[in-house]
Each structure stands twice: as structure tokens, then as C-alpha cells.
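Heads up, there are several structures right after this.
You will see chain A twice below: alongside chain B first, and alongside chain C after that.
Now for the complex of A and B:
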């Protein structure tokens, strides 16, 4: 029983990182109805910028977090302008393939700047885990969990209580009517990309500082985990992204315990395949957050 | 205020608008009438920027509009309503108006972050006036998709006004309305003029067009076949033949 509870706690912590990744994915998908394959690589590039700055100057964690967020945001804006802005009407496949090309570009950029496959990243917390009776919880995991809750609350506030969020929902509802109401669909799309990439940058920073290492594989990993969590929870739904992320984390933690670590990712991708093949009803709904 | 100079819009071999010249002066209410398919809605779409021009030029307050995007035209002061209503159905009535406040005055009054991330309290008074004008105060928290047809028409008009337009293009605003609602609409259009708004009215309900406009242009097959006061247009033989069914 204690193993089950510990796995559940670990799964919740892991799931909160997936939820953060899925939130950014969902924001973009909600507006554009298109998958941005370069979402994870943009996060990776932001984390590489922070790693590069750390190696050159040795600056503190707070600055590294800011650099990771700023780098991911700039990379996200670059992706939007190059891949999605030119293909806003139609040509969904062209936009997705273009984002794949930028994925490759970001990986090349990262390995050109830092050629080794693995770099150490300063730890978010140097002490031991917290004890909760017979259970343990890493402080990094707790920070991730709190960050996921805070980001979700802030996003809800932005989308449902601010004029910007109302404009985003207006664009989702009717892009043509939004343009005729004086809302620049192009500007809203860019701002949503920037916001989503900033959230991704924060998630990336928390993940690499929790793992204390960064590799170029972070890009692919973030895209796949974020996309899978988004699909699990229903496309374009914010609560769904959180639920999907947590469900994925729980499933990974338990399957790792019961089936072994080798099968953990295999099962995750098998699940993605089954979801795409079966397309359950919640994946076909057009949620607007 | 608005000048259409030899404006054309062709869709393949179809000349939806063909060499149209039209001038709208400040403070006027101008009617645009014609049989179905005569090019009225296409003309409004060209002014609003939904379609590019095939030929000619549109000038608004001495500024050519050719390179101004759709949302940019609204910022210049051109707003419109649609023949088929296009509201934000998943937003409330109040939010439909809030999100449409994109005039230069609104933009300059508040900073970027205050405007986009600020709450709803700053603009309550202005939106309350729009709700009163459109008689939708009691429905302000209702989703736009749940309104009746007449209420949706009124909301669409109020949303266009939220942008503080100088020129308002009304595309068949009376479609689907009963006599009482048309009477109220007529009064609203008169009130708009009193607020200093110039109106271009496309309408099939002749009683409304003849009763409220200063001047009428008649289109047929994309070309202007007559222009004048309502009385002049009504007695024009070409108009009778093309539109009113006379011989």
C-alpha cells in the first residue's frame, strides 16, 4: 500500500510537469487548431540559453529562470512568425511541417553552441527530500506542483477575466468577426504563442533544474509529453491539459513500478498511438479553453 | 468622407462590382439598394476590406484604403454589421461589447497592459450606455448565442458602435425583423446620425430605406444605375424596371 501511495505522489509530481507543458500546447492549439511541433525544441533552446549563460558567468538560479523563459518566448515568437503566421488560413500541414523544420534548426543551434550531449544544470534545491510520514517528496517536485497550480490559476484569470483573454476567446469563436471588431488576429496569435512559450520555458527550467542536467533531447521529450498530455485531457481544454498531464504522470509512475522502467516510455507512446487510432469523443470536441 | 472611384471586384468571369463610383458625405444616411446579386454586399465587403479590389480605389477621409487591413479600417473609424449575424456566441453580451472597444480613443486612453490585462471595472459606464441604446441591459450576462434573433441584431449594432465609428455600414439590419422592430431600428438609425455617425444602409425593406435615407444609390449587375433622393429614385424608370418591378 505504501508503495502505491508513494508512486501516486511521484506520479502527481511528474504529472504536474507534464501539465505545465500541456498548458502551453493547449493554449496554442486552442487558437490555431494546429500542433506546433517546435514547442518542445523552443523550450529546449531557452534552457540551453540558460545553460550557456551559467557556464559563461555562473549566475544564480533566478536569472537562469528568467533567461530560460525569455529564450523560450523569443524562440516561440520566431516559430509563430515563420511557420504559423504565413499559413493562418488553410495549409495546416504546411505549418506543421514548417514547425518540424524549426525543431531541427533549434537542435542544431543548441548543439553548435554547446556540443556535448549532456550538460550539468544547477540544482533547484540542494537539500534532501521532505518526509511525509513514510512517504517522501522532493522539494523540486513540490515546487513544480505549486507552479502548475499557480500558472493554471493565472491563465484562468487572464482568459476569463481580462480583455486580452476575452479577445483570445473571440478569435477562437470567429476570426473574421474578430478582425471586423478591430482585433488583430495576427497580433493575438503572436501573443498567445509568446505566453505559451513563456509557460513552456518555466516548465523547462523547473524540469532541468530538478533533473540537474540538460540535453538536446529535452526538445523532443517536451513536445511528445506535452502533446500526449493534451490529447489525454481533450484538445484545447485547460482543465483537460491539467487532468491529462496528471493522468500521464500517474500512469508512468505506476507502470514504472509494476512493469519496469524500460516499458515506461513505450507504454506512453503506445497510448498516444491508440488515442490517435481510436479518437475517443473528448478528442473531437472543439473546446475553447 | 468616403469615395469609391471606379471600384471593381470580379470573381473569375463574374463582375460582382463593376466600375462603381460613389461618394458618401459626412453626416449623411445613404441607402444602397438593388436586386439580389446586384453587388451591394460585395461593395460593403470591399469597403470593410474583406475582399481586395480588382480595380479602382476607395478613399476614406483622404486616406486610400487599399493597403489597410480589416482591423485597421475599424481603427480608422469604419465599422459594419453583417447580413448573416456574426457575434461571438460563446461570449456574454457584455463581453461582446467589451472586446470590441478598439477605437484610437480607447487605445490612447489606457496603456497597453492596463487595456489588455486590466479588469472590467474601468469601462462599465461606457458599456452600460451601449446596452441602454440597444435595450439589452437585462441580458448583459447572457451568452450571445442564447439571444433571440432580434436581440442578436441589436447586439451586433451595439458591438459595431463600441468601436466609436465615424462611418457605419449596415448590411440588411432589418432582415427577419417584424414591423415593430423595424420601427425601433429606424429610430436607432436616426439617433446614430444625431451622434454624428455617417451611415451606409443596405436594405431590402423599402419602407425603412425610403423613410430614413437622405440619398440612395441603386445597383444592378454591379453597376450604379441611379442615384438621388428617395423620391427621385422611386420615380426613376430604370430603377422601376430593374428593381421595383415596374415597366
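Now for the complex of A and C:
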């Protein structure tokens, strides 16, 4: 029983990082209806900027977080302008291939700046884990959980209580109607891209400082996990993205315990394939936020 | 000269991979499972020549058949989803297959050494070509016989009634259905043909590199598979060939003198190509 609870707790912590990644993905997908393969690599680039700054100057964590967020945001804006702005109408496949090309570029940039495969990243918290009775919880996980909740709250506030949010939701509903009522779809999609990449940058920073290391694989990993969590929660729904991320985290923590790491991912992917093919009812709703 | 033969081998194998995605893309499906069918063909053909001692030609046939059967089995459930859902469903399947090979051990002792796939270590010593004394040029010709055969087959299919049906489904499913086209049959058959082509490509790949491992068949390879026909355009099979030459010969080999900076330019050129020609280098004109 205690194992089960411990796994659930670990899964929640892992799931909150997936939830953050899925939130960014969902925002982009909602506005553009395009798969952005360069989402994870942009986050990876932001984290590499932070690592580079850390190695050169050794500045504090707060600055590193700012650099990671700023780097990811800039990379995200670069992706939007090059891959998605030119293909807003039609040619979804061209946009996807273009974002794939930028993925290659980002990986190359990261390895040019820092050629080793693995770099240490300063830990978020140096002390040991907290204990709650017989359960333990890493402080990093707690920070991740709190950050995920805060980001969700802020995002809700932005989307439902601001003029910008109204414009975003209008574009999601119908880009043509939004354009007619004087909303610049181009500007909104750029801003949403920046917002989503900033969230991704924050998630990336928390993940690498929790793992205390950074590798170029972070890019592919973030894209995969974010996309899977988004799918699990149903496409294009923000609460769904959070639920999908948490579900993915719980599932990984439990199957790791019962099946071991080798089989864990294999079974996970086959289950996901079956799930997508069967398509349970909550995945059909294409509710706008 | 061997360098150019080697390059021609790479181009040939990537063309097969691209063509397997081409026929699936004609029906409007973006599949990231092509690398999985490629992997299945590679492992199956490799195991048949190394462990069972088959000649390479029937082994390639068996690999291709297994790729086709798997693709057909994936085609039915994958039909239920479209667009990004299909991309992720096929991605999940592809990763599942890759992880299967990551955990797959089947080794037998042969002539004092143990051969066969060994999980994360990969599958070494697929030495049919060197054992039978094939030169690089002969291997290249052997690969290109398959490439030309597949291209001719697809070129002919494209001009047949079946090709028109494939394209009509790709253009507008509802319209195609309304004139009595069976969507299930069309999509699953396109997927099956794609799987067979990827299986042959994989078998050839296994034999020319002599060493395969699960990491060869990751998302990156799957994305390359769909990128070739999209960059080349879906008008003819030659678009895919041109895109493979553009990417593998020009961007990867031709720009090698740029060293580490190559991938930066690689990305920029693909972006440029996609922005100037959103329907591919040899696709139709206009946006």
C-alpha cells in the first residue's frame, strides 16, 4: 500500500512536468492547428543558453531560470516566423517539415555551443527529500507541482479575464471571424507562440535543474512527452492537457514499479496506439478551452 | 570511387524509405510508422540470412512481406484517426516497435561466436555481402535494381485507375466516398504497399551497414521518411528521388566541408524550399 501511495506521489510530480509541456503544446495546436515538432528543441535551446551562462559566469538559479525562459521564447518566435507564419493557410505538411528542419538546426546549435553529450546543471535544491510519514517527496518535485498549479492559474486568468485572452479564444474558434472583427491573427499566433514557449522554457528549466543535467536529447523528449500528454487529454483542451500530463506521469511511475523500465515504455506506446485507435469519447470533443 | 558507390547506396535506401511514405501520403495520411516497417524488414531479413542461412533475395522478400502484414494490421486501427491524431498514433506505434527491438534477444552460437539481435547492443555481423565477396559497386547495383523496380511500379500505379483513386481520397475523402470509393480498402492497401516497400528498404539497409540497432529506427528516421516526399512534392515519384538527392547528396555530403555548421544551413535550406515551394520542389505551383 505504501508503495502504491509513493508511486502515486512520484507520478504526480512527474506528471506535473508533463502537464506544463502539454499546456504549451495545446496552446500552439489550438491556435494554429499545426504540429510543431520544434517545440521541444526550442526548450532545449533555452536550457542550453542557461547552461552556457552558468558555465561562463556561474550566476544564480533565478537568472538561469530567466535565461532559459527568454531563450526558449526567442527560439519559439523564430520557429513561428519561419515555419508557421508563411503556412497559415494550407500546406500543413510543409509547416511540419519546416519545423523538423529547425529541430535539426537547434540541435546543431546546442552541440556547437557545448559539444559534450552531457552537462551538469546546478541543482534546484541541495538538501535531501522531505518525508511525510513513511512517504518521501523531493523538494524539486514539490516546486514542479506548485509551478504547474501557478502556471495553470495564470493561464486561466490570461485566457478568460483579459482582452488578449478573448482574442486568443476568438482565433481558436474561428480565425476567419476573428480576422473580420479586427483581430490580427498573425499577431495573436506570434504572441501565443511566445507564451507557450515561455511556459515550455520554465518547464524545461525545472526539469533540467531537477535532473541536475542537460543533454541534447531533451528536445526530442519534450516534444514526445508533450505531444503524448496533449493527446491523452483530448486535443486542444487546456484542462485536458493537465489531466493528460498527470495521467501520463502516474502511468509511468506505476508501470516502472510493476514492470521495470525496459518494458515500461514499450507497453506505454502500444497502449497509447490502441487508445488513439479506439478513441474513447473524451478524446472526440474538440472543445475550445 | 567507393565513396560515390557508398553515397549511391545511401541515396537508394533513403529513396525506398521516402517512397514508402509517398504512397501513404497520396491518400492524405501522414504516417510516422514507416521507420517501424523499415526496422521490421531490417531485423527480419538480417535474421534470415545470418541465423537461417538464406540467400539475401528471399530474405528481402520475407522482410518485405512481414513489413506489409504489419502495415496492414496497423492500417485498420489507424484508419479511425486523421491529421495530428494519426501522426501521434503512428508515432506511438513506431516507438513501440523500436522499444520491442530494444528488448529483443535471439542469439544462437554459430562457428564459435554468438550471432543475432541482442537488445540494446544491436544486431551485429550481418555479413552476407562481404562473405559472398560482393564489391561495393555490386551492392550498389543490387540496391538500385530494387529502387528502380519500386519506382517503376509506383510510377505505373500512379497512372493507373488505382492511382487516381488514391489521389482522390487524398484530395477530399468525403467526395471520394460519395462516388462509391471504399475508403478502408484504399487507405489500408496504400499502407500495406508502403509497408512492403519500407520492408525491402530495411532489409537492404541491414545488409549494407552490417550492424543495426534500435536507435537507428527512431523518430528522426520516421520524420526523414515523410520529409522526402513532402520536400520533393507529391506530383511524381521523381520528386521523392530528387528530394533524397538534395538532402543526402547535396545537404549531407556536399556541405560536409562546412563541418559542424552544416546542419544550420541544412535547416535554413529546407525552410527556404518549403517557403518558396510549399507543395514541394516538383509539386504543383502556387500556394
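Note that in this section the second predicted complex is superposed on the first by the 276 of 289 C-alpha atoms of A that agree within 3 Å, B and C clash if a C-alpha of one lies under 4 Å from a C-alpha of the other, contacts with A are read in each partner's own complex, and residues count from 1 in each chain.
Convention: contacts are C-beta pairs under 8 Å (C-beta built on N, C-alpha and C of every residue); 3 or more make two chains touch, one makes a residue touch a chain.
This is a predicted model, so every value here is computed, not measured.
Three-chain overlay on chain A, with chain B and chain C fitting side by side and no clash.
Contacts of A:126 after superposition on the shared chain: neither chain B nor chain C is touched.
Set side by side, chain B and chain C differ in how many residues of chain A they touch, and the one touching more is C. In the superposition on chain A, A:62 makes contact with neither chain B nor chain C. Within the superposed three-chain model, A:162 lies in touch with chain B and out of touch with chain C [touch as defined at top].
By the document's definition of touching, of the two partners only chain C reaches A:96; chain B does not.
When the two structures are aligned on the shared chain, A:177 is found in touch with chain B, with no touch to chain C.
In the superposed pair of complexes, A:1 makes contact with neither chain B nor chain C.
The gap separating chain B from chain C in the superposed three-chain model is 15 Å, by closest C-alpha atoms. Comparing the two complexes, no residue of chain A contacts chain B in one case and chain C in the other. Chain A makes touch with chain C in their complex at residues 29, 35, 37, 82-83, 86-87, 89-98, 100-105, 107-109, 111-112, 220, 224, 227-228, 231, 235, 262-263, 265-266, 269-270, 272-274, 276-279. Residue ranges on chain B touching chain A, taken from their complex, read 48, 50, 69-71, 74-75, 79-80, 82, 86-91, 95-96, 98-100, 102-103, 115-120, 159, 162-163.
By the touch criterion given at the top, residues 25, 30, 77-78, 80-81, 83-85, 87-89, 91-93, 95-96, 99-100, 102-103, 218-220, 223, 226-227, 230-231, 260-264, 266-268, 270-271, 274-275, 278-279, 287 of chain C touch chain A in their complex. Residues of chain A that touch chain B in their complex: 158, 161-164, 166-167, 169-170, 172-174, 176-185, 288.
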